Each structure stands twice: as structure tokens, then as C-alpha cells.
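Two complexes are shown next, each including subunit A; its partner changes from subunit B in the first to subunit C in the second.
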Partner chain A sequence: MLAVGAIAAVTLTACAEDAPQDTWQPEGENSTRIHNLQWPVFAIAGVVGLLVFLAIVWVVIRYRDRGQPIPKQSHGKPALEIALTILPALILVGVAVPTVGTLMALAETDDTECSVNVYGQQWWWEVEYPEQKGCGGIDREFVTSGQMVIPTGTKVLVSGTSRDVIHSWWIPALNGKKDMVPGRVHTVRTQADEPGIYAGQCTEFCGLSHANMRMEVVALDPGDFETWKANQLKPYAAPEEGSIAAEGESAFISQCARCHVVDGLDDGGVNAPEQFVYSRTAPNLTNLMTRNTFAGATFDLLTDECRERVWEATPEEFGERYLEGVTPECLNEVDLRAWIKNAPAMKPMYTDGTKLGPTDGRSRGMPALGLNDDQADQLVAYLLERN
Partner chain B sequence: MLTNGSKLLLAGTTLAAVAAIVYGVTQDGTLGVVGLLSAAIALGLLAGIVIATRDGNVSAMDEAAAQTAVATHVAPEGNIWPLIVAGGAALVVLGLVTQSAFVMLGIGLLLIAGLQWMVDAWSQSASADGTFNRDARARFAGPLEFPLLATAVGGVVVFSFSRIMLFLSKTAGPVGFVVAALLILAGGFLFASQRSMRSTAVAGLTAFAALGLVAGGVAAGLDGERFIEEHETTGLLGEESECDTTDETHADENASQTVGNKAAIMADITLDAEGELTSKAPGQQASQRIVVGRGNPSNIIFHNESDEPRRITLTTGQRPLLDEEGEEIEGQTTPDQRCTALAEEGGSQLLTFRIDKRSAVADEAFELTVPGVEGQAIEVVVP
Partner chain C sequence: MAIIERPATEPVVAPTPTPAPIVTPSEAFGTFRRPVETTGWRAWVFTVDHKKIGVMYGAAALFFFVVAGLEALLIRAQLAGPEGTVLSADVYNQMFTMHATTMIFLFAIPMAAGLANYLVPLQIGARDVAFPRINAFGFWCFLAGGIVLNLSWFLGGAADGGWFMYQPNASVPFSPTNGVDFWALGLQIAGIASLTGAINLIVTILNMRAPGMSLMRMPVFTWMILVTQFLLVFAIPVITVAFFLLTFQRSFDAAFFSPAAGADPLLWQHLFWIFGHPEVYILVLPSFGIVSEVLPVFSKKPLFGYPFVVFSGIAIGFLGWGVWAHHMFASGLGPVSVAVFATATMAIAVPTGVKIINWTLTMWGGKLRFTTAMLFAMGLVVQFTIGGLSGVTHSVAPSDTQQTDTYYIVAHFHYVLFGGSVLGFFAGFYYWWPKVFGKCLSERLGRWNFWLMIIGMNLTFGPMHILGLQGQPRRMYIWTTERSGEGFFNLGFWNLVSSIGAFILAVGVLFFLTNIVHTHRKGAPAPLDPWDARTLEWITTNPPKEHNFDRVPTVSHLDEFFHRKYEDVGEGDAHDLRAVATAEEVLAAEQAQADAQIHMPSPSYWPIVVAATLPVIALGIIYGVYIVSIVGALLMVFGIFGWAMEPGTAPDSDFDPSPVDDGGPTTELVRSE
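Let's look at the complex of A and B:
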């Protein structure tokens, strides 16, 4: 009964509706290719497995010990042996032909129309949009993190590497896995057919918070993508003088700018994450509130209600709702404040200063900054304007 | 009466107990004390068992045999091991106040001599029959002694060989080893051509060759290694901010042709026949800019299609000038550069670099240039 219950429980997980990383629901060209390969392979393997299982059961029952004399023993049956060699070989050839074809099609990147670079590090992804004519034209490079925004119906070349250990980029609905290896650049083509958010997860064990290293691809209509892009490139807007956000800017410069960058805030002291962080970088916070997540896409910047509104939007509604960004009403202030005050308490990271000898005192992840409530308020107010 | 085996165990018990006290007094932490006390208790227990069973030679209940057993009356023969143990201990003490190498040597001697002493003492009291005792010792110690001895001899041979190789000049080396190979060939021919040879002759020849090798190694080692010229490298050019030169370096032209890195490049930089410098990143159009990730190792390949050997140089602003001891000289800076070796006409070179600074806040633009080619540069952008 226990075994049946366990099998039933495992089987029933396939019925989950809120499963954004379901590999059986392709939403892009490459993932559809993978899907079209995997279901017949699973079907063939299933049929073979079932036949073998039934054969075993039949033999066990038919020839069980009933006290009968042991039959005459013989050796070899060439016809059967040849048949049992040729049949699996034919099945394997039948599987290999479409598999190799799919692999070659997946490796194709010459037809891409837009280029995005991703950098993995413990435990978040940086996304870089280089200057290019693709992606509708980008005149000046910019950087974001956690969410990679792409135009729908566009073949995007994702070039990735890692700054510390091996990570793996995987958005199940859009493509297969691609390892990101330090010192190497690996490429993968990504395309989303419909606007929406496509969740992913690092799939190469990369240390303490591997399970918390998530990422999302956000697909927008080309028009909405242009709006998003223009917003990413807009000039820095300083907070209104005398406001809490202005105090937050000072707090940011004194506390955060050592590692984090806000484009345009270039007088913010020495920005030298290489001295403090093992991966030599920290997320760029220029347009933090245009993303829905933070801390390696581990936590939502939106309240549950607002998040649901974006995630459950129809393709027609999605772009508008996503581009609203994080408004003061929708901000998940509880998690953001908690993160600012004591990040390691929310996500396991190597930040204990007494144990950082192997990394020359540099932490892996964001350390606790020991901020008081006033400083946290100021920083939240400042970050809320990074939209 | 204490038996031979129990003496060793009792000594071990005492040593572990004393060590536990010393450790507890001089060191923080209880783990070491607990470990050493556990060892003392375990050794004490074993000592008790060995005494109770009279070294396992006779029944503990057999009083008469206990008085006449071999273990109780066969006196060990004299041997050299106590002297070597003492020498090892002296070396350890000497090493503590001079060089740590003596400590290691002393510990090695202590271990070897201590083990040999124990095996000798055990075998000499194994029975009243001296021949049997010698066989017993050989059976026990042989499997350990022969491999260790062979390793030591092999080590001496290899070390001597290496000293001779490092002593001989670049040209004399091949000649010397051709001669050595011929001698070995001649020796082998000599052995093979004889119907029989006396074992003493073979041993003598081998010993002579071994002595010659060791003597040569010692002599060569004492005389020192040959002069090895330090070659100028592109890394050195970068360290000395001299990447703007168009001169040839002694650097290995193939040193940067790492296949793995060439398969993972950020961009191809090409100097064409007209002297124009362009960059082409995968999936992007050719331009005069490349974007590289901050704090991330990046590889570029420089293709030289001009009619002269050229190198590519990356300049990322200025860095503090260092004195001979590696200390920063206040107020003085020098170009922060990295560069390739000269690429032949039609050739290519790989450049690997990492930039930790953002280009937007740098005082000077980050650039890839080709020394000797004016007016051409690729801007390097680090977001």
C-alpha cells in the first residue's frame, strides 16, 4: 500500500497546474523541437519497457516451480539471438536519426537576429545587451539581472559564461540546458512565440544556494520591447532634494555602491566589487523596479496579488502589465527590507568574514550590512525610484 | 615479569599519557587531549592483555611454561638500530633550531630504525631456533623492505640523472646522453654475448655504473645548474608598460595558441591590408567597439592581414607605478597594458584579459590598438 501510495503521489505531481518549468509545455521553436523528439522517444522506450516487463511477469508465472522436472537444457538459438540483436539496433537507429538532426538544429545560431550575453555567478545571472543592430537596434550597451527580456518571434543568440564555477542556463519552456563554464563562451538560441514570463533554474550544482539561483525570460511584443529598452537607457534621475529617497541615495553611495552599480550615479565613490565579492561583480540596480524579482530571481519584488496579475495575464495584456513595473502599491516591501537588512538570513551565502580565507576575504553573495530601520527605509525609497 | 611485547605497549601508554598532559597544558582545545588519552587507555589495555597472555607464547595458566618460554629467556642480539634512533632524535632536535629539513630526515630515520628494531627484537625471540627466527624476520619484513629500498634507489638514480641533465649545456646534453645510451647498449651486448657470467662480475659492473651515476649527480649538483636565459614574454612587456613596441620578443609565438581559449572568444579583431582595424563579435556586425563583461576572463583573436608583423595591445587607463620591491610609488602612474606577441603577416594571436573596472567611470577610454598603426583603435566597453 505504501509503495502504491508513493507511486501515485509521484504520478499525481504531473497534474500540477502551477508548474512554470514543465518540460512538456514548449513555448518556443527550440523547445518544440526538443518536445517533438522526446515524446516519441519516451513512447518507444515506454512500449519496450512495458513489453519487457510483461515478458518477465509471464515467464515468472508460467514457469514457476510446481515440482515439475527440470527441462532439458540447451545452448543457443541463433535465429532468436540474431533477431534480438537486430531489433534493438533498428530501434536505436530509428531514435538516433531524429536525435542527431535535432541536435544539429539546436546548435544552429547563424540565423539569430538579436544578441544577449549572460554571466552566471554564485547565485544570480547578469544579463548584458551589447551595442548592436539586432534587437531593434541598441546604441548603447546596458546591463540588468535576474530577468532576460527579449522580443517575441525573434531568434535570440544567448552567449553565456561564468565568473566563478560552472552554472547551467535552462528555461525549460524555451530551450534545453546549456552549461556556462568559466573562461568559455557557450551559445544557445532562444525564441519565445508568445509574450509572457518563462521561468528557469540553474541546473548545474554550483554551491550553497544553487537551489536559489533562478532566472526568468520575459518575452514582450516588439513594440513593448522597444518601450522597455528605451526605459533601460533613460538618463539617471536623481531623487528630489530633501526627500527620503535623497537620503537613500546617500545611504546607497556609502553602503551599496562599493559593489552595486546604478548607471549615472558615477560620483558614488569607489565601485570596486572585485575587492569584496568573489565573482567580482554585483547586480546592476539601475532599473531594479522594472524587474519583478531580486536576489537571483529568488524573491518577488511584487506583492502576491500584483505578481498574480502579471503572471496570469493573457498574451495581449501581458506587455502592458509587465511594463508597469513595481509601483509603490505593488512593492513587496517586507522581503526587500529584510534583504537589505540581513541578506544571508534570507538566502544561504558565504558571507561570514571569519570563514572567507579561501577567497581572500571576498564574500560569495551579499553580506549583512548591519543597517538600521531608518537606513532601510531610505534605501527602499531610493530603490523604488529606480524604475 | 614484563614480557618483550608489553614493554613496547607500556612505553606507548606512558608516551601517550605524557603527550596528553603536555598538549592539554600548552594547546587550546580538548580534542587532542581526548584523542591522546584514548590512545593511552587503548595501549594500556593492550599491554595488560599481552602481560596476561605472556606475549601469546604460552598459556597464562601454565606457570611452568611461563618460566621456561622462549619469550622469557632468549636475549636479543646486538644491533645498530638504537644508534640510528638516537641519531634520528638528535637530527630532530637539531632541525628544530636550524632547518626543518633535518626534522623531516630525523623523523624518517626514527620511523625506519624504530620499525626495524621492533622487527628484529620480535624475530629474535620468536623461537629458540636462530634459522627459523631469521626466516620469520625475512617473511615479515621483506615485503616492506624491498619496495622501499627499490624506491629509494630509484629516487637516487632519478635525482642524480636530473642533476646531470641540468648541469650539461643545451648542446652537450644530447651528446652526453647519446654516449650514455651507447654505453648501456654496449653493456647489454656484453651481457647477452656471454654464455655465462659470474654474478660478482654483473654485480660489480652494475655497482660501478651506479656509483658513476651517483658521483656524477653529486658533482653536477654541487657545481649548480647551467645558465638558463630568462626569455622576455608578452606578460613582461605588459608589466613594464612596453606593449607599444613593434620589436620582436623572445616569447614563444605559439604560447597563446590554446585551443580551448580559441574556441571561446569574445571577438575577432582584424587588421586588414588597408590598415583598418575592425572587431567582429559572434552574432554581431563588425564595428569599432566591443563589449566585455566586467571581472570576467575574455579572449580575443587578433588577425594580422597587413604586410608587416604586428601585435595588438590593450590599454586600460593608468595604473600605479611600482618600485623594485613591488610597492606603489605615490603619485606616479604608467599605462596599464596587455599585449600579444607579434603576429606574422597573415597570422593570428590570442589575447586573454580580464578588466575589473567599469569603462564608464574610467579616466581614459579602454582601447585595443596596434603599435605602429596610427589612427586605428577598438574601444573596449565594460558595462
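Let's look at the complex of A and C:
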């Protein structure tokens, strides 16, 4: 079965319709290294398995009891035994040498050209772009969440840690996974060859909503990356006075700003997520509509049609479509409104006030806010302008 | 017992069960008498007989196998389609935690302990284990631990941190129910069983072998049990320490794993896997032993390369200690450590491969009879090979960083543990059932059982290779269509196949349970030697008498029993094996020289009393009512006192009067001189 699986996998991975987290479709230097190491090992394992299987089939056919005399009571042939011990040992030496080589190459971090930090938290990722000369130069640190945007063809050093329990950063198309452990900083290299969106998933069990902790890496060609970066750093644009969005701004300050930050918004100093969220931070919403997923990359901000336009785009089309962001026509309003009104109903979180004793009343995740329809309308209108 | 069982000097007459009226003890203080009942529930609860304890281990383990199997069915029902709604996220997390914990700690370890308990003394020609009361104590600890663990379901929810219980996710803020406390203390109690059992079996095997049975004439099952017990002796203390740290962390605000206090949560991972990897071999080596018994019997050939199989088992036992961090390739150990553990992991594939080769060559040139036991043993060889080879693919550490924590790993270890341990146990059930219960399980139902289980397991776990390589992580209570792809490898189809497979597998197990009931209702008594077996346990009656052997056999060969039945009359290099004695004749010859006096240990009240105090102590700690723990501890001290003070044997007056010596039944009791 393994042999069949391995061969089938080798021959069929060319099909683009496989799952987005397929581990056999490398899209960057690091994952390609891994792939070049793993497929021969799978092939060897398949052949060995097939040989054992054939031997058993042969034994069953040839040596079944047909009334033959009782066989010689032989206790074995030492020479054959030793040979059959050395043979697998040699095969394994042949596997070990390239394994160690690849391992060392993947651990290399000196040649990276761009640095991005990630923070795992129940149940989403914060992505931080520190001030640096790399990544085409970043003058002022900024953060986003759920989606990490990187320039193509650039060796990116992802440094990560966690704010609560152990999480694991994994974008299968780009590299293997790396646990992000509270109190430690771990690094993993990332590089994408072509523009596109690469799906990933937290792979270290991290509690209640582990299944709903996803992330994506978005690769843009360096020109588009500059555009994206400039947009992230643009100054705050207050909604037009008297608009629904303006009402949304005050609703945001009264309902959301205690935990969520929008850079440049004067929230009257209420922002203090560490008092309300056990893991100390809530997603920064400054440029929410430039990302196309929310709530730990679990839900789409785009309607199905618009989502497909981005996810199925060719590398040439991708940059332009991604930079369009979430337009009013493309907004998946159903999920966003439902989330604003009652988040724990959509994604299991730890927000029941009666059960928060051990966390001093702080929740893990977003509580149900109990907003009415008007407030939800206002917030949606406000958030739509966070682009 | 002070009881002396009087072996028959005549051919065996069917025993007439004589109800044993209990005689009031003559000793003044009843607390310190020893029980003497040989029938009814007391005969089981106070027993120190290794065979009764073995049967109780087996029955309890089988019960937990069914429980954990039902948990698995709920998991697969939840994952059969996208966005499953059978279980909530919370309950799902408890379910997979308890499925693994129960299968490992309450099924596989105790099932191996049960088989070892029953068979090791028989295989080495001993009349009991070295420490019979400690043996009973071990069983009750296991049962008490299992009950504590599962009580959590009814007392606010089971543990939800995964069987690996990584920190800090299993600390109080992230897992505020008492589930993890029940888990840590329940397993702590069950661990006592493994530790005492291991010491007991090691001493038994090293000291109580029949005359002539050198180590290299020991049956391979006993050998693999010996290696397993050494692994337990060194592994259980590590996890015991880890459980204590966890309990102190949760119940007494210690900070062994708290990053905020400067601790490193990876400490837990190292402690857990230093236990956890040898644990894998603890689970699988007993089954390796079983197939090493079954394949030769049904091939009518000795095990090919006996010393190679024995020494590769020992080699696995040693190397098993140097590979734990391959569970942690993604946890950020640094490339040098990873390289060391990756190569060590590849090295352990060599002795494992040796076993596969030897089993295949045992069958090669044989005279194969495909009984159900043989089918299960061959099933192990094929299925375990798949698990072993997928294991090699993730010893390649860079490749493992793509596979770890995906369903590919779930596929791998189920081929190892189901394909290895479980199929081996089933081979053992069918092979030794007549030895233990005096009746052969139905071969017809057995075939249904085998094929449904094999088809079921391949449908369940085979597709998980695909799911994992397609990037489906483990431990997710739902999967979604957005991440499932559309082609041949789409997650939707293969998840459904896997779930259907799980139910087929369950039907297979149901056939086994039916087979037990059917056999015990309608089965005919088994012949003395139904399989033409090779080892010492078959040189006595089915089931064996309480004292196992009327005469302790003298051993002059590996496969002693076979060599008493067959002789090679071929000249020079020609081989011509002739039957020279039937099993009945061999047994009669043994009985003719029966030992005149056989001392067996008396039953005891105290093992169960001492074991029963442990859950009391645990519950006190879990609920923070320490007075309960103190009372429990005092009861335990009292129990140990009683244990120490009870007389070495029951006084004569406790036993039935001696019947007239008429050379009658072999099982009745007579007074000691």
C-alpha cells in the first residue's frame, strides 16, 4: 500500500487540484530541498515493502501444508543472517548521509535577506515586520495578523515565539514546520519562488480551537510587495463625518478598542488588551481589509467568487488581485457580521465568564459582544474602510 | 498456600468440584488470617495465583479495549465529513486524549502484562511468580488507576491535552477542569502495576526457570517479556517523576514548566518522550514474542535464527533509549541534536528489520497451517512492515518536519501499534485460548474476525497516509472543504473511507467478542495439544492446575516439548522427523513422576486493600480536601501493616479436612503435614 501510495503520489503530484497543504508540491527553495530528500526515501521504502510482501505471498503459495514431510528443524544460517543485517544497515547509511546534509543546510540562517517575526496565540498568529534594511527597507515597525506577506525570491527569516501555549508554524509548500514555544525564539527559513497564496495550519495541539488556527503566506513580487508595504504604513484615515462608518468609529471605540488596535485612531486611551485577553493581545485591525481572511485565517473576508479569483489566480495575475483587497462588493458580510455579534458561536473559544477563574477573568478568544443589528452595520461599514 | 495439592499418580479423572465450606479460623485475630477460598468471588479477589491474575488482567484490558475502541468510533464519526457535528471541540479533545491514553495504558500494557503473567511461569516451568502478593497488588493498582482515569468522564470532563499532555497547554489556565489531574494521578496509580510487575517478572525469569532451561533455551515470548520488563523498570520512573511534577504544577502551584517563571516547557517533552519512546517498544515487543511462538508452531519449523531474534530484541531495548527526540524534530532542538537522533532512529530500523526477515525465513520451507492464530501472526508481519517502513521515512528529519503532527504519523503508529501489538495479541488469543480456558475459539468465526479486522484496519489507517501527505494535521475536531482539494487525493473522500474502515474494524472486533461467548457456550473441550506446539506451557493440562506442573520438567532443548514428541531418525544429512510420543504420553510420563509435596502461596486480603487506598489519596489531592488523602494514607499504612503481619501460610484448621486418600481428583486440597 505504501509502495502504491508513494508511486501514485510521485506521479500524480503534478495535478494542481490537490489539497492546498499538500506536502509533495514544493514552491520554494527549502521545501524543494526536503522534497528532493524525501521522495527517494519513499521510493526505497516502497520497494522494500513490496519485496517483503512478495516474499510472504510466495511463502503462502509455495509452503502451505499439502502433506509434505515435517521440514528440517533448522535454527538458521548465520552467514545469511549477517548478510541480511548488513544490507539494510547499508541502505540506511545511504539515507543518513543526505539527511544530515539537508538538515544542516536548512538550519542555515546567515544568508537570509528579510526578517519577519511571528507570535502564536490562542488561536491566531500575529505577524510583525521590524525596522530593518531587509525586505526592501522598513522604517517603522508594523504588525498584521493571519497572513504573512513576503517578497518572492527572497530568503526570509521567520523568527517566532508564543504568548501562551506551544504552537507550530507550518506552510507546507514553503518549508517544514517549527514549534513556537513560549520563552524561546525559534527560526525557520521561508522563500517562495512565485507570487501566490500558500496555506498553512498550526500543527501543535494548542487547545480548544486548534483546528481553527490557520495562517497563510502571501508572496508578492518585489514591486507589489513595496506597494503593499506602503499601504500598511499609510496614516489613519478617519471616516467621513456623518457617515455610517463614522458611527462605526465610535462603536469601535466603545466596543472593540479595549482589545483591538487600529493604528492612528484616538481611542481615548482605553486600549489595554492585557486586562481582558489572557494571552495579552488581540489582532491589530489597522488594515483588516488588505487581508482576505480573519479570526485566525479561519473565515474568509471574501465571498466565494472573489475568493476563487484570488486563490486560483496565476502567478502573473495574483499580485494585482491580492492588492485589490476586500472591496464592498467582495465582502463576505455574512460571516463578518456573525462574528462581530457572536464570535464564540463560530469558533470555540474560552470566553464564558463563569469559567474564567483560573485566568483572573481574562478570556482566551473573543467574547460575544451582544450587539444589535445597527451596531453591527456601523462596525462593518467602519471596518470596510480599514483597507 | 499451606495447601498441598496432591498430584494424581493414576491417569487423570475429571475433577469433581467440591464446594469448600469455610472453616472459622482458629487464630484469635481474624484480620491477620489468610483467606483460603477456592471458589466464588473471593477466590478471584484474594487470589495470588498468577493464572487468575493473568485472566483478570486480560479481561479488564479487553474491557478497556472496547471502551477506547468506542471512543475511536466517535472520533471517526466526527471526521467522516467536513465540519462534523457529532462532537463539540471540547469533547473531541477529551475523546482523542482518552482514546490514546486508554489504548496504551489500560489496554496494551496490561494485556501484555496479563499474557506475561499467565504464560511466563508456564513457559519456564515455574509454579508461580516470585512475589505472588505483589503480583496481585499490581493488578489492583492497574484497575484502580483505570477507574480513577475514567471517573473524570463523570466528574466534570476528562483530560483534554492529548496523551502527550504538552505543557503549558495542560496547565491550569489552559485546562481548568480536573481532567488532567485525574489523568496524572490515575496513570500514576496504574504505573505502580507496571513497575511492580516488571520487577516481579524479571526476578521470576532470572531465578525460577526449570532445570536445564538456560537463557538461550528460553522461549522467545519469555525473552521479549524480559526485555520489556527491563524497559518498564527504567521508563516508568521517568514518567512517574513527570506525573509528580505535573501534579505539583497543577495542584500546588509549582512552576516546573511555566515560561513566566523562567522554566522551559520543553522539559516536559523530554521527560515525556524519554518514557514515551521506550514505551513504544514496551507495547510492541510482547507481540513480537507472540508471533515468534506462533509462526514456528504453524510452520512446523523452529524460529529461524533464534539468537538473532533474541539479540535484536535486546538491541531494540537498548537503542530504544536513544531515539526519544525524534518525536521533537519540529520543537527547535537545533540541527546537531536532530542529526544525532535521526541517525539513531535509522539505526533502530536494523534490528527491527532483522525480525521481519527472520519471521519470513521461519515460514520459508515450512509446512504452513493457516489457523486463525497463524493468520494474525502473518498479518502482523505484513502490517508491521508497513508501519516500520513509514517509520523510516520520518527518521529523515527534514522530511519529518513536513509529516510530524499530520495524519501521516497517525497512519504510521497505527500500523505499528494496531498492526504490531494488537494483531500479535489476537494471534496470542487464538493460540493460547485452549491453554487458558480449555476450549479452542471457533476457527470459522475467527476467520471472519481476522479478515474484517485486516480489511478494516487497512481502510481506516491506509488512507491516513494520503491525508497526512495532503497536509491534514492531527487533533483537529473538524476539517473543512477549503483545505481539502479536489483531485484523487482529496481529503473528503479519504476521510470518509477511513471512517467506514473504522466501522468495519469494529465489526471484526465484534466477531471476536461473539466468538468468546459462542466458544464458552458451545465449544467442545480442546485436545491436550491442539496445535502440535513446541514449548513448555503445553506440557501440562488445559487449563493448568493451580500448581501448573505435577513435576517441574527438566529441559534439554530449545522447543523442549517438540523434541519430546519428535525425533530425527534421518541418517547423516538426511532429515526424517518421526513422531515418537503423543502429548498425552508426554504428560502421563511427567505425571508418573509427580512431586509428592507442592507448596503454593496462600491467598491474601491485603493486596486489594492497599491498592484501594490509592484512589482515596488521589481524590483528596484532586479536590484539595487533604484530610481525605491523609485518611487514605493512614489506611494504606494499616494495609501494609496487615500485609506484613499476616501469617506466612494459612493455619491447617482453616482448610477442609483431608478426604480419604483414594487416588482421586487432583484438585482437592489436603492438609499439610
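Here, the second predicted complex is superposed on the first by the 366 of 387 C-alpha atoms of A that agree within 3 Å, B and C clash if a C-alpha of one lies under 4 Å from a C-alpha of the other, contacts with A are read in each partner's own complex, and residues count from 1 in each chain.
Everything below uses one rule, namely that a residue touches a chain if its C-beta (ideal position, glycine included) is under 8 Å from a C-beta of that chain, and two chains touch if they have at least 3 such contacts.
Note that this is a predicted model, so its numbers are computed, not measured.
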Room on subunit A for both subunit B and subunit C (clash or fit): clash
Which of subunit B and subunit C A:P182 touches, first, second, both or neither: both
Partner chain(s) touched by A:T281 [first = subunit B, second = subunit C, both, neither]: first
Greater residue coverage of subunit A in the superposed arrangement, subunit B or subunit C: C
Which superposed partner A:L92 touches (first subunit B, second subunit C, both, neither): second
Subunit B versus subunit C as contact partner of A:Y236, first or second or both or neither: neither
First (subunit B), second (subunit C), both or neither touched by A:I70: second
Partner chain(s) touched by A:L103 [first = subunit B, second = subunit C, both, neither]: second
First, second, both or neither for A:V165, with subunit B first and subunit C second: second
Clash-bearing segment of subunit C relative to subunit B, given 207-215, 297-305, 495-503 or 639-647: 639-647
Common interface residues of subunit A - those touching subunit B in one complex and subunit C in the other: 182-184, 186
Subunit A residues touching subunit B - in the complex, by the definition given at the top: 109, 112, 115, 117, 119, 126, 128, 130-134, 141-143, 157, 159, 161, 163, 182-187, 261, 263, 266, 271-274, 279-281, 284
In the complex, subunit A residues that touch subunit C: 1-2, 5, 8-9, 12, 15, 17-24, 31, 33-34, 37-38, 41-42, 45-46, 48-49, 52-53, 55-56, 59-60, 63-65, 68-78, 80-81, 84-85, 88-89, 92, 95-96, 99-100, 102-104, 106-107, 122, 164-166, 168, 170, 172, 175-179, 181-184, 186, 199, 201-211, 214, 278, 300, 348, 355, 357-359, 364
Contact footprint of subunit A on subunit C as seen in their complex: 88-90, 93, 160-162, 166, 168-169, 172-176, 259, 262-266, 299-308, 330-332, 334-335, 338-339, 342-343, 346-347, 349-350, 353-354, 356-358, 360-361, 363-370, 378, 381-382, 385-386, 389-390, 392-393, 395-406, 458, 462, 465-466, 468-479, 482-491, 558-559, 562, 566, 568, 575-577
Partner subunit A, residues of subunit B touching it in the complex: 260-261, 263-266, 281-285, 287, 289, 291, 293-297, 299, 356, 358, 360-361, 381, 383
